[in-house]
Every structure is written in structure tokens, then in C-alpha cells.
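Listed next: structures, encoded as C-alpha cells.
Shared between the two complexes below is chain A, which has chain B as its partner in the first and chain C in the second.
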Partner chain A sequence: MTAPHQDSHPDAGAPSPGQAEAALPPDSRAASPPEPAIRTERLTKRYGRVPALNALTLDVQQGEIFGFLGPNGAGKSTTIRTLLGFLHPTDGRASVLGLDVATQSVEIRRRTGYLPGGIALYDSLTGMGALDYLAELQGRPPVRRAELADRLQLSATVLRRRVRDYSRGMRQKIGVIQALQHDPELAILDEPTEGLDPLMQQAFYAILLDLRREGRTVFFSSHILSEVERVCDRVAIIRAGQLMALQHIDELLARRKRKVALRWRGGTPDLSAIPGLADVTVHRDQVRATLQGAMAPFIRAIASPSLEDLTIEPASLEEAFLEFYADGDDNPAEVAG
Partner chain B sequence: MNGALLVQTWRWQAVKLAIVALCAVGWGWLLPLFYAQFSDSIRTLAAQNPLFQQLSNFGSGSLLTLPGTVTLGTEHPIAIALLGVFAIGMGAVAVAGERQRGTLEVLLARPIPRRGLVMTLTVALFGLIAVVIAAMLAGMTLGAATQGVFDQLNVSRLPLVWVNGFLLWAAFGTFAIAASVSFDRSGPAIGLSLAYLMVNYFLEILGTFVPGARWAQEYSLFHHFQPTEILTGSADPLDFVLLLAVAVIPVVYALVVFPRRDLPAPG
Partner chain C sequence: MSGLFPNAWYIARREYLVRVRSRAFVIMTAILALVGLGLALAPVGFRMLGADRPQRLGVVISAADPPPRTLGLLGGGLNPPSAAGQADGGTPRSANYELVPVSDPIAARRDVQDGRLNGLLTIGRSSSGDLAFDYFGDSSPTSRSLAAVQAASQQLAISDRLTRAGVRDPSAIFTPVGFRVEPLDPNAGRRDTAASVAAYLLATVLVVLTFMAIMTYGNWVAGSVAEEKSSRVMELLITAASPRQLLAGKVIGTCAAGLTQYLAILGAALVGVILSGPLSRAIVGGSGASSPFAGVTIPVLIVFGLFFLGGFVLYAAVYAALGSMVSRQEDVQQMVGPMTLVGVVGYFAAFTALSTPDSGWVHVLSFVPFFAPYFMPLRLVLSTVTPLEVVFSALLLVAGIVIVHSLAARIYSAGVLLYGQRPGIRAVWRAARVRR
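Right, the complex of A and B next:
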């Protein structure tokens, strides 16, 4: 079992709101600790004896895009549904925007936008009718609707058609708009790019990044690792209802093993002292290995005029993800940041 | 209560309501026609044959008087079908149908308390039932006027008949809503609600045709729908109270149970 630990975020670029908080002097942090957008403390949900969610503890900071990863049945939707008050926790507690999910779910839903996975809409309504109806129920004006419809290329003509005539992608676009049209402080999106074509996925990512720029928080579940890698500040990986990892994306990537291939002229040097290098196989003048950890010591160690070729495959979230799912036991949890 | 949800629910039912209300007016109009055209013949046959006597009385109704015909018509399977369209058809799918279609997710993602949802759907259902019963009574009044038997209809007491009928069908409707909040699919909710209606109807019929089983009628909600007694000035207020209580209990159940239910992701 990996012991939970806290790491600082290594990203030297523009800080995300979560990082900005970490950068504050200790005194000011103590004076006004910002309320996390989402906080769960040992949140547990069991159906009879079957655990769907097991002591999940995580914080989602305000203003960040948070990815929630896991295969089908891992507990992603259970978490989301518990946060929105659809499910009642068996144990533990959770708050959204500082409001308790058990007692203040109506107020949470007033300030939140939610896109359910595989959204179902009212088939007899037009696209515009559905959006009007849902905005009216929300009780807040749809201030972002026009902009979102424009960016997702939903024209007025399309919005006048009945939902029953829509393709899956168009329904998903309506789903995205209904979740965000009232400009919520927090968007909870369950598999948001399902059914969107690549062009619309790009448009959707741009929307998310704009939301973050405006200080909105986005919590989204996905099993499309490339999109999480692309837009999220932090990611939680969940398996069988247990948190396996909670880290900044680049930190997670930095910890991953990369495949490296080297070719030498005139014999292979001794590589055993290079930190992080493992699984070394030598075939004539070719060396293949995996590298984990910082790149600089490795580069320094292999720097030599006889090095003819070097290939380092980029670390991908997919490998990170697969690593957490590779071993059979359910060991929680690597937590950072 | 949520105004937007209430208005939209009614809007969705508008066409169905128009058709059912029109049919209810037509059915109501036919009852005085039957009475005017056939009551004398039936009275003669009933005097000659005990079987006809038995058949001319059904439940609390009778073809031998206009108030009795009104009762018979409002307990007739056609009237039950017309009112069941909403009381059972809409009530049982009100929540379970949304859940089955997956739209309950979208609905409950709005700041609508679950109790508010139940109350709004109940009020919407009450409105529809009220209109259909009013349409049926309007048809009867019109029929009585056109058939020249208007003087036999105590019009000033019709509002009480409307209240009595409303309470009866409200009781079936709220039972259907209680079933609806208890299931994730419409099928079981509709089945249970229909079974409840059928059992009540069966008890009423049983008591009508089997003198030894007359006690069973007391347990039928239909037996506490008493247009004849109301129109002849001998109504029992206890019938109203009982129907009201039976209508309220499922609402209380739904208000307690639905907010406590877990709503996992649709399968």
C-alpha cells in the first residue's frame, strides 16, 4: 500500500487558483482559507454490503479544472450523484461550494450546472424549448446561452427543431449548454465530450479553459485520458470506489515511466548507476529501458560523444492510468497537491 | 411547488386533456339521454322481473332515477377509463416515467426540492382530474336540459358531486403518484395503481351482485362516491372525509419516502 503523501506542485508556469493558494504566505493562508469548491471527507456509499464509494477524501479548489478518472463502475457517477443529492452517503460527509450535500442540496443545485452522462432530454420539445424550460426551472437567466450555442455551432434553425430529431452529438451540445447557460459557479460534467466530434471537442475544451480563466470551477469525469491531460489542472483516479491518486497532471506525468531507447557507437557503457533507469535490455549497441523520475540526471549520465541515437517516448496519462490499474489489489492512495 | 414545472406539465397534457374532456362532455350528455329514453321501459321490466331489478341497480346507481343514472354513469367503465387516463396514466408515470426516460436527472439537477416536485405533480394531476369531472358534469347538465329532465337534476348540488368525484379520483391519483415515486420504471407503478383501482371496483361490483358480500362495498372507494345521495340531499359527510383521508395518505407517503430514496444512475 502506498502511503498518502502531500507534494508541492512543480509547475513553474501560470499558477492555477489552487496553486495560487499554495503560493500565499502562511499568515494570509491562515487568515482566509478559501473554501474548496468541493470537499469530501471519507465519503462512503454502500448498496447493502456492496461498496460503491469507499472513504473518498478529496478537495477541489475553486477555479480549477478537476478531472475525475476511472473506468465504468469505478464510482465516478456515484460520487457526482452524491454531491448533487441524488444519493445519500452511507458514511462520511461532503460539501459543495461550502454547502452540505445532505442538508443543502437545493442551494447547491441552484449554484451548480450539471451535465449527466448520456443525457436524456424532453423529446417533444424543441432544442430552444428545452433550454428555455430548464433555464426557467433553474431560476437564473441563461446569460451564456447565445455564446455557447455559437461556439458549439448550434444555429437558431437547429434549435427550432425537436429534440427527437437530434443526433447524439446535438443532444450532447444541448446538454452542455443547459449545464452552463446560467453561468454556474461550479460545473459538474459527467463524460462531457461523449458524442461530440473532434472539432466540437476542441470547442468544448476552449469553453472549459475560458471558464477557468473567469474563475469558475469545473469538475468532470471522463475516461478519455487525452482530454483530461489536456485541460485539467489536477486529476483524481478512482478504482472500485477508492481513490488511487490525486495529483497535478504534470506531476503525475513526471512520475510515470517513459520508454527510452539508446544506440551507442563502440560498446554500451555501464548504465546501472543512472537513477530511475530500469528494465534495461541490451542488444548489440542498442539499449532499451524505462526511465522514471527527473530527466536531467539521466541526460547528464548518458551525455557522451559515442551516443548515436536517443529516443524518449513522451509520458502519457494513459500509462499513468494503466499503472494504477495494473496491479490487482485496491491500494489507496497517492495524494498530492 | 414550482410554477414552471406545473405549467409545463399541464402544457404537455393539454391535447390529451382536450380530447378526454370532450369525451367526458359527450359521455355526460348521454346519461340523461339514456334516462329519458329508457327509464320507463326499464322500470316496467324491473317490476316484472327481479333480474332486471337487480341489473338496473349497479353500485350506488340506478337507471330508474336521474340522480341514480348520474351515479351509474360516473361509475361506468367508460367514465373510469376517461378519468383513469390521468389518475392512473399520468400519476403512475409522473416520477417513474421521468426516471425511466432519464429526464429526472435533468429535472432534479435544478434547484427543485423533491417534495416540491411531488407537490407540483400532485397539484398538476388534481387540476386535470378536476377539469375532466367538471366536463362530465357539464355534459350531464347539458344533456338534462336538452332531454327535458333538467327539473329532476338538482343543479345547486352539482358542485358537491364534483367535490365528491374529485376526492374519489384524487385518491386513485395520489396512490398512483405514491407508486410512481417508489419505482424506477413505469411498468410496476402502472400495474400497482391499476390493481388498486380494480380491487376497489371489484369490491363494489361484488357487493352489488352478491347480497351476502354487501359488506365488501364499504371497503371500496367507489362506494363512498355518492351522487345519488348528494343530489337527493342525503349525503353523508363521512364519505367526503374518508375519501379525503385516503387521498392524503399517499401524498404524505410520497413526501416522506421520495426525498429519502437513492436515485442511482439509470441502468
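Right, the complex of A and C next:
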């Protein structure tokens, strides 16, 4: 559904973004392959000696929903802040909407909707006052505000109250609305579902899907894999500042391992033919194993009247990460420089 | 690229409204307005409390042959007819000293101790035949009355010597002589002593007002920038508005709030000044004290207004830049320290300049943007300034504001975004070099 990914080699002979901008009028660019909404090239950020981001290279295509995953402290917020020009890359480069993050950040911020992680608002304003104020500064009418407030169930009564009295979830909703109310072409959201209850998370993902339908690009970070798989086209997983994986969500799901536990009446059948099943341990009538890949062949193989109990644990991000950690060393593209 | 307005205006409006509606602002303004009113009414109060009452001086004449009209001569010396007052036909001064002939020195000493008399002067003769004086009373070295009594006694003794030398009517010697001053600048001719005192007071008030505004409201700017940064509201603001817009809006909004407070205080003081005339006539009789507002003319108001605003905007930009460099509000004071020093230096220099408004260094400093807000109004009030000089200094000030604002905007845009980094000069310098 989106442009092919993972081609980290720039097209041979293609001019660099800077040259393209200088040489071509804006509309002639539409003829060439569309510019990625976000592009980072060996982006590196160190705080003194401490590396926060190590040679991160990724592209986010226009019109896709891109999930940026990693445990806390992996460098997600550092990346996002660098993209918005809040931090300066120590090395490497990055562009957003074709604009350089080091020199054109004012323009980047003007064209991007941004939700900071752990959002803070003026306590003395009402929710509506905060949204109005930010809309004024954004300089574009808040065309989506009413719809967003409605979908996130933020009533007019709540919006009339002061932010001081808001719960964490209400503040987060205000944050999501302000990032999207002026219908930006690109939204960069840092942990957008933080503080939202599951129902509101659903509403939020539905909003993202609608945005994609309208051709908007969304780049958001999260540390919960199960969230991301519902909406993302592609995900990047980073850990300790290193890119561990950059994949279509289907591939990621295929690689993911789940723990399964089975109990049989009578003897244990032969499980060795099931694709993706590994680490099998048998303890009397109990079988424990890990399952990677498609679910259907596994279910088909174990379906028998003697199956007494079946537990399939949801795949946690931690396990997916463990997987990638193990792979990390033999992935030459990601070896630290 | 996005211009300064209308975003700076939106930011200024929020800043102003939040500031003016805050309880701290309302309470502080009310208190300061009361203080302003009180200060303006203070002269009337002093008169009511008797600070302006004549000093009562007991006089014991122990000399066997006192000079004729001793008390009259002494009184003439203590309460001289003012030469200036005579020259411009001004108000006759009321007597400052009242002489009380005393027959019982012991009782008189007790009266001094009890405060019924302010002092006791004993007039005798030394062995050489000259008059000799003993004074009992307040003897602090800065006492004005002691100096006056001493001078009058001296006069009396000289008059006595002249009498003994055969001079007739020696008191005529002490009649004030005519002394006319023609100033270099013909416009300054209207100034007499009283007007000079008023001008001095006015200049002092202007310097203090400027200093207080720069310090107080500059700190407001720095504090509120630091607060937005440490609470991380800045992350949202900086996404929606550019650093230059944020800086300009913050300075304009705070400036407007500061001016509001100032006008409230000055309004209250003005009411006090207007009231003090009728009040003092009603309560103690006689005219009011010389008011510093006597020298306020339209040009002075305009020049002071311009330089006050200019100075404020200049300093506020620096304060905003400094405020943006700290991560925690507790560090604000430390960071603005050097700038506070500049303001204080200007303030004390201006106080020195009050007594030498014509000297060269005052001339020079009145063109330096960071000091002009103190020195130009001061020179206008106390000395002579050509309109060309005022315009030139104002242009330099505007140029200074433009330069300082663009520098401050760079530091600010670097500073507000450097979260979690030590706000070292180097980090800010590195970030400020890059255009945003």
C-alpha cells in the first residue's frame, strides 16, 4: 500500500535534497518520486560522551503511519526532538518535509503538528482557551477541532474548565487535539496514547486511520507493540540509540514469538511438524513452547478432542525486543560505528 | 518566513492578561499605589507632626555688657531674609528659629533635656573681651541647627567687635548684597533656587523610577521565560510560534503589565500631590512644600516616556535571553546577576551625575544605549540638551534595541530548547550560531 521500504541506498545519480530544492520549482518535484516526509541519515546525538542516538537512518513515506518503538530511554524522544529542531544532531543529518532540521526548524514546526511527551499546558487557561491560543499561534483555522473533541469524548463542559483541574487523560486529549486541529500534513506524536484509557486509545487509532485515508502522514512513538500493530504501516524499533529493525508491520508480526502452553489428555502428539514451534519442553501432560509466525497451521495441527487446555500469551514487546537484541550482532547494517 | 505579528501580539495579550489578573499583581499594585500616595502626602504629614515648627532656642546673656539688640541681631542671623526670595518676590519664609530669653539657666537646661527647648545658648565674654558662646543641646555633627546657631553667633561676635572698634550700626554690614546669575543658556534663566531644588528632586525620581522598572519587570520577564521552559509549556509554544515571536510577545506583554502597574502608582502619587496643597493649607496653613512635579513639562514627559520604554525593552530582551538559559527557576537569579550589575552601575552613576550634570562623562553616557535611559532624562531636567542630541541618543537606543533583540532572539531560541543540558555559555553559543 505504501512505497517500497528498506532501500537505504539513495537512487543513483539523484540530486541531494538541497540541490533538488534549489534546482527545481516546487511543482516539478511532484513528477519525481515523492520526497519522504521524514528522512534521517546516520543521525547521531551525544550528550557529552553519552550516546543517545547512534547513526539512525530511516525514511518515513508520505501518507503512511509510522510507528517508532522502543523501551523507555531508547532514544525515541531524542529522535523526535531532533526532528523538530529542539536538539542539534551531533552528526549525520535529517530532513522533515524536505526541510533541514538544523537550519529550517521554524518552518518545519510551522507545518507539523506536534504532541510532546508528557504534555504541559498553561494551568490558568481553560481547555478551550488553550486550544484557541495555540490555534491563533498556529495561524491556521482549527478545522478538525470539533470532530476530534467529539471522537475523544471531550465535552464542551470539560473544555470550559481550567486545565489546572484536568486529569492526565484530559490533558493528553487536549494535546492530541492541538497537534491535529489545524490539519497538518505531518503529525509527530510522542507517546500519544499515554494516559488514555483503552476505549480512548481505540478512538485515537480510528482517528489515525482516517488521517491516512486523507493522505496525511503520522509518525508516532510508543513502547507498546500491541498498540502499534493495529494501525501502523511500518515500524522502526530502536534500543539504546540503535535501530534494531525497520519493517512492515506484517513482517514484524510474522517474526514475533508467543509463548504457548498446552495440556493433553493421554499422550502428547507429535508437534515437530508444526512450522515455527520451538523450545518445546514436555512435562508429563504439559507442553510449553514458543510459536513464531502464522497461527493457523499451529491451530490446525493441535486441533484434537484430547486437547484439554490451551494458553497463548500475548506477544509482549519485550520478547520482540529480546528477539532483536539476539539478532542485533549479526546484522551488519546496524553495527555501531 | 513568518513575520513577527500577529503572533507576537497574541503572546503579548496572553502574557498581559495573565499577569494583570494574577492575585500577586493586584495586591502588589494596591500596596505600591498606597505607598506612592503616602510618599506624596508625606510633606503634609511632617508639617502636621511639627517637623516644620520653628526651633525654640533659649538664650542666657551672662555678659555684663552685652551688645545692644543682642537678640535682634542673633535672630536676624538665624532667620536671614532670603536673597532669592527677595529677588523674585517669592513667598516670605516663616521664621525657622524662635529665641526665648532665659533668666534661670538651671531650669532652662532642664527644659532642653525635656524637649521644651531645642537648645540653650549662653552668651558671655572671654578675658580678651570678645563674646564667648556656650551651646547646650543636640550636638550631632550633621545637625543643621547647630551650624546655623554657630554662624549666627559668629555674626554677632563680629558685629560686637565692630561696635567696640567704633563702627556705627554694624548690623547693616550683614544686609545681603545683590548677586545676579546670568546663565550661559538663555533658556535656563527662568531657574531660581527653588526650581533647581525641584529639578534635582525630579531627576532623582526619574532615575529611581527607571531603575525600579528595569529591575522589577526585567526579573518578571526572566522568571516567566524560565517558568515556561521548566514546565515544558515551551515545547508547545515553540512549535506553534517562532522564537522571535515568543521573545517579542513576552517583552511587549510584560512591558504593558509593568506600565499598568506604574501608571497606577504614579496616578496615586499624582492624586497625593494634587491633594497635598489644599490639605496642607487646611491643616497647617501656608503653602505646600516644593513638589518635584513642578518641573514636569511636556518635553520632559515625552523624552522620559520614550527613554523609559526604550530602556525597558532593551533590558527586557536581555533578561528574556538569560531566563531562557536556565533549566530550573531557582537558577534565574544567578543567571541574571551580571545584567543586574549593569543596571545597578547605571543607577549609581546616575546618582553621581545628579550633582555634576554638565560633566563630560555624563555627556558620553547619555548616548550609550544601556545608560541613556538614566542619563538623557536626567540631563534634560538638570542641564541643557539640544533636540539634536536627544534625537541622536534615541536613534542609538533604537539601534541598540534592534541589535540586542536579534542577539537575544538567537540565545533565546537556543536556550529555550536546551532541555536537560547544563546552561553553559558554550552550549548556548553553539546553538545560537545556527540560524533557526
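By our rule, the second predicted complex is superposed on the first by the 228 of 337 C-alpha atoms of A that agree within 3 Å, B and C clash if a C-alpha of one lies under 4 Å from a C-alpha of the other, contacts with A are read in each partner's own complex, and residues count from 1 in each chain.
Convention: contacts are C-beta pairs under 8 Å (C-beta built on N, C-alpha and C of every residue); 3 or more make two chains touch, one makes a residue touch a chain.
Since we're looking at a predicted model, the values are computed, not measured.
Enquirer: Could you tell me whether chain B and chain C fit or clash when both sit on chain A in the superposition?
Expert: After superposition on chain A, chain B vs chain C: clash.
Enquirer: What is the contact status of A:T78 with respect to chain B (first) and chain C (second): first, second, both, or neither?
Expert: Once the two structures are laid over each other on A, A:T78 reaches chain B alone.
Enquirer: Is A:E136 contacted by the first partner chain B, the second partner chain C, both or neither?
Expert: The answer is both, since A:E136 touches chain B and chain C.
Enquirer: Return first, second, both or neither, reflecting whether A:A102 touches chain B, chain C, both chains, or no partner chain.
Expert: Once the two structures are laid over each other on A, A:A102 reaches chain C alone.
Enquirer: By the touch definition at the top of the document, which applies to A:A273: first (chain B), second (chain C), both, or neither?
Expert: It touches nothing on chain B or chain C.
Enquirer: After fitting the two complexes on their shared chain A, where does chain C collide with chain B, if the options are 111-119, 129-137 or 201-209?
Expert: In the superposition, chain B collides with chain C along 201-209.
Enquirer: Which residues form the common part of the chain A surface touched by chain B and by chain C?
Expert: In the superposed arrangement, which is not itself an observed complex, chain A uses residues 47, 81, 84-88, 106-107, 109-110, 112, 114, 116, 118-122, 124, 133-134, 136-139, 178 for both chain B and chain C.
Enquirer: Flag every residue of chain C that touches chain A in the complex, lowest number first.
Expert: Against chain A, the touching part of chain C is residues 1-2, 6-7, 10-11, 14, 18, 231-233, 235-243, 245, 417, 419-421, 430-431, 434-436.
Enquirer: Per the contact definition, I'd like the list of chain A residues that touch chain B in the complex.
Expert: Answer in residue numbers: 47, 77-78, 81, 84-88, 106-107, 109-110, 112-114, 116-122, 124, 133-134, 136-139, 178-179.
Enquirer: Which of the residues in chain A come into contact with chain C in the complex?
Expert: Its residues touching chain C are 47, 81, 84-88, 102-103, 105-107, 109-110, 112, 114, 116, 118-122, 124, 133-134, 136-139, 175, 178.
Enquirer: Which of the residues in chain B end up touching chain A in this complex?
Expert: 2, 4-5, 8, 12, 101-103, 105-113, 260, 262-266
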